[in-house]
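To keep things simple, chains are lettered A, B, C, D, E and F as they appear, and every chain counts its residues starting from 1.
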Amino acid sequence: MPQTAPQSGHLYAVEVRDHIMIAHSFKGDLFGPAQALHGATFVVDVAFMAEQLTDEGVVIDIGRATDALKAVLAPLNYKNLDEVPVFSGRNTTTEVVARHIFDAMAQAARAGELGTGGNALSRLRVTLHESHAARAWFEGPIGA
Amino acid sequence: MPQTAPQSGHLYAVEVRDHIMIAHSFKGDLFGPAQALHGATFVVDVAFMAEQLTDEGVVIDIGRATDALKAVLAPLNYKNLDEVPVFSGRNTTTEVVARHIFDAMAQAARAGELGTGGNALSRLRVTLHESHAARAWFEGPIGA
Amino acid sequence: MPQTAPQSGHLYAVEVRDHIMIAHSFKGDLFGPAQALHGATFVVDVAFMAEQLTDEGVVIDIGRATDALKAVLAPLNYKNLDEVPVFSGRNTTTEVVARHIFDAMAQAARAGELGTGGNALSRLRVTLHESHAARAWFEGPIGA
Amino acid sequence: MPQTAPQSGHLYAVEVRDHIMIAHSFKGDLFGPAQALHGATFVVDVAFMAEQLTDEGVVIDIGRATDALKAVLAPLNYKNLDEVPVFSGRNTTTEVVARHIFDAMAQAARAGELGTGGNALSRLRVTLHESHAARAWFEGPIGA
Amino acid sequence: MPQTAPQSGHLYAVEVRDHIMIAHSFKGDLFGPAQALHGATFVVDVAFMAEQLTDEGVVIDIGRATDALKAVLAPLNYKNLDEVPVFSGRNTTTEVVARHIFDAMAQAARAGELGTGGNALSRLRVTLHESHAARAWFEGPIGA
Amino acid sequence: MPQTAPQSGHLYAVEVRDHIMIAHSFKGDLFGPAQALHGATFVVDVAFMAEQLTDEGVVIDIGRATDALKAVLAPLNYKNLDEVPVFSGRNTTTEVVARHIFDAMAQAARAGELGTGGNALSRLRVTLHESHAARAWFEGPIGA
């Protein structure tokens, strides 16, 4: 049930990895030299969490989950994010891109596009590794 | 106390790593080519979590915890999991094996086999890395 | 609000990495050969967590956070921790050092030294990797 | 020219990664418990080496190289190697599988299947990671 | 002496890591979607190789080597490489950028800017990791 | 024969990993703050190289090789290297410790202590990772 706090209960998770290579620039003195047009490889991990397994013994159909992630990443990969409409007027920081991928994957789950186990998912976590020394993530309930 | 939600409070953890190399097959169309007999290296991380440290300044005696993990993994290592009785009739997915290791380690903790700090453990998380691009975990309270 | 259980809600995080190289010894039979003077490289990850982003789209000014971490680590780096007063009379286990770094970083956050986003931080997690096979962490609220 | 000793000269390389999940057993007392049917995830890195770049500035068309690797791995993936004819009568150790992949990739290079840059390749190295603590590789000239 | 084949003799090496975040685009059908403006994080490893150690027991002063690498990377970091004059008219592939960094570091070594041990260096290898699944490198003698 | 240049021919390798945790100090202005007593975790990779495999299909008996490495590391692990006689009067830099482990492993190979395949080994490479951002290695022929 939705009010469950998974971390004080138990939780299964499966996490898959993909990556994108993007250009972007940031607005704000905070960003120093990163205000210029530059880029990043984001290695993307998506963790699918559920309180129970399907009859087959999985959190989710990992093949369909991987395909769904690829579909979510495709409009970003090899792009200049400064020109991708969904990010218009916003800085595409690692945090913001993690949230965007979370929202799209959660929407896919709610729309039944993740197949077996997709309906039982309770939470997602999207982690973006931007170098060997820095990463960001967004985690939350799949919602309604 | 059992009702504590560790994630809204504080938590110490120690995590150790080992690995097993197993064969298995899966039942269910979901698994596609993985329905055939194949295998996996599972790199196994077990995180021991507690709200406070022992007088020595540790969550747990890492030597005994490592030995306990090795004892739990031994009946699985270099085996065909299709023939290991404890998994009879079930798919030995990464999720299922993670849960099995969790249950055995939690039982060891409750039985006092983990030594110093073992009694104060509140939670465990067992993560199985199956490749450079996929992993699964099970986390929960040690229970009673 | 402080009673929020972040894991049943949502959470953003940014994590940065640095490292220290220290000597130390431990007291207690539990530690076996590690009672002798030895040492460790601790690769240190600090995760800064918040429920919302700043107007710039970040959890925190990653440059200032990195500088703050470097300042916290400086008094430990290239030291024999047996002679560092703040640890007097205690074993400088990986857990204890993780907690020490947590406390210092939380204090920096409360003192406003982390810049943009620092005031909105809700939690920190400090992870110390001591080898390819073992690590420890401390996580908790920033507090007041 | 074939007599060049690349390591005393200069060398460019590009390396790509994929993985397979296989079952197998070994013959020989040397292998102890690994004589039983078990399995492994092999994370496979293939390094393509050349003394000069193509006009486009690459060692090789990384897309075609990746596809060629996938084609070479497909007959092994999700298989029991004890039943794969090409390995008949031999132990499919990490070294032997590395050599097999090397031979197949070198053959693809000689057959012109790797596209741009494929003709100028001088050497390959195939590395198989079998756990977090062990790996094997085979390196050699592409030959004639 | 230049004819030495280091790999049939012996060799010491020290390797240090840094990273850059850049934007760029490629010319040539070969590159498919990467012809568009996109970007990458390059995690850069530079290995300094020598046949003997200094009196202090090092290949090179790792502090000065790290500073020299930082100086070489600075004109590239947070830049659109399409607009960096040194790469004018060329594709800034991972291979090409690796070679550029190699040339600059070799020049620093020959100019005596690497301090202790710098004069005894025989070879360098520059590796650029562009994602969790691909990397490129250039290795060669320091030359004259 | 010893003049063989393995890198212009072909080469098999198997690499295993272990680690040690040591204290030490350095003499020489070059070392700056590392002149003080501090410490390190060295994650140790030893690569065993041969031009051909044994009848069983291996470079070496990985079990015996792992045991031999453990025996070589034992006198260093949990020690203050400043007090280990074999290093008397020398800086125990990462390079020097790598060379020491190389010499001891090569001696074990020549003494026939590595079992199957040990006699056919041509080269070893010993890599010590001292942090997430620095490592050193020594590679050479096993010699006579």
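Convention: a contact is a pair of C-beta atoms (placed from the backbone, for glycine too) under 8 Å apart; a residue touches a chain by one contact, two chains touch by 3 or more.
These figures come from a predicted structure and were not determined experimentally.
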{"item": "Shortest path length from chain C to chain E (each step joins two touching chains)", "value": "2"}
{"item": "Identity of the chain that, by mean CA position, is farthest from chain A", "value": "F"}
{"item": "Rigid-body rotation angle, chain E and chain A, from Cα fit (steps of 5°)", "value": "180"}
{"item": "Self-contact between copies chain E and chain F, residue sets same or different by half", "value": "different"}
{"item": "Distance-maximising chain from chain D - centres being C-alpha averages", "value": "C"}
{"item": "Length of the line joining the C-alpha centres of chain A and chain D, rounded to whole Å", "value": "32"}
{"item": "Chain D and chain F: spacing of chain centres that average the CA atoms, whole Å", "value": "26"}
{"item": "Residue numbers of chain C (touch at least two other chains)", "value": "5, 7-8, 17, 132-133"}
{"item": "Complex contact set, residues of chain F against chain D", "value": "5, 7-18, 53, 56-59, 61-63, 115-116"}
{"item": "Residues of chain D defined as touching chain F within the complex", "value": "3-8, 26-28, 30-32, 90-96, 98-99, 132-141"}
{"item": "Contact footprint of chain B on chain D as seen in their complex", "value": "17, 19, 21-24, 33-34, 36-41, 43, 77-80, 129-133"}
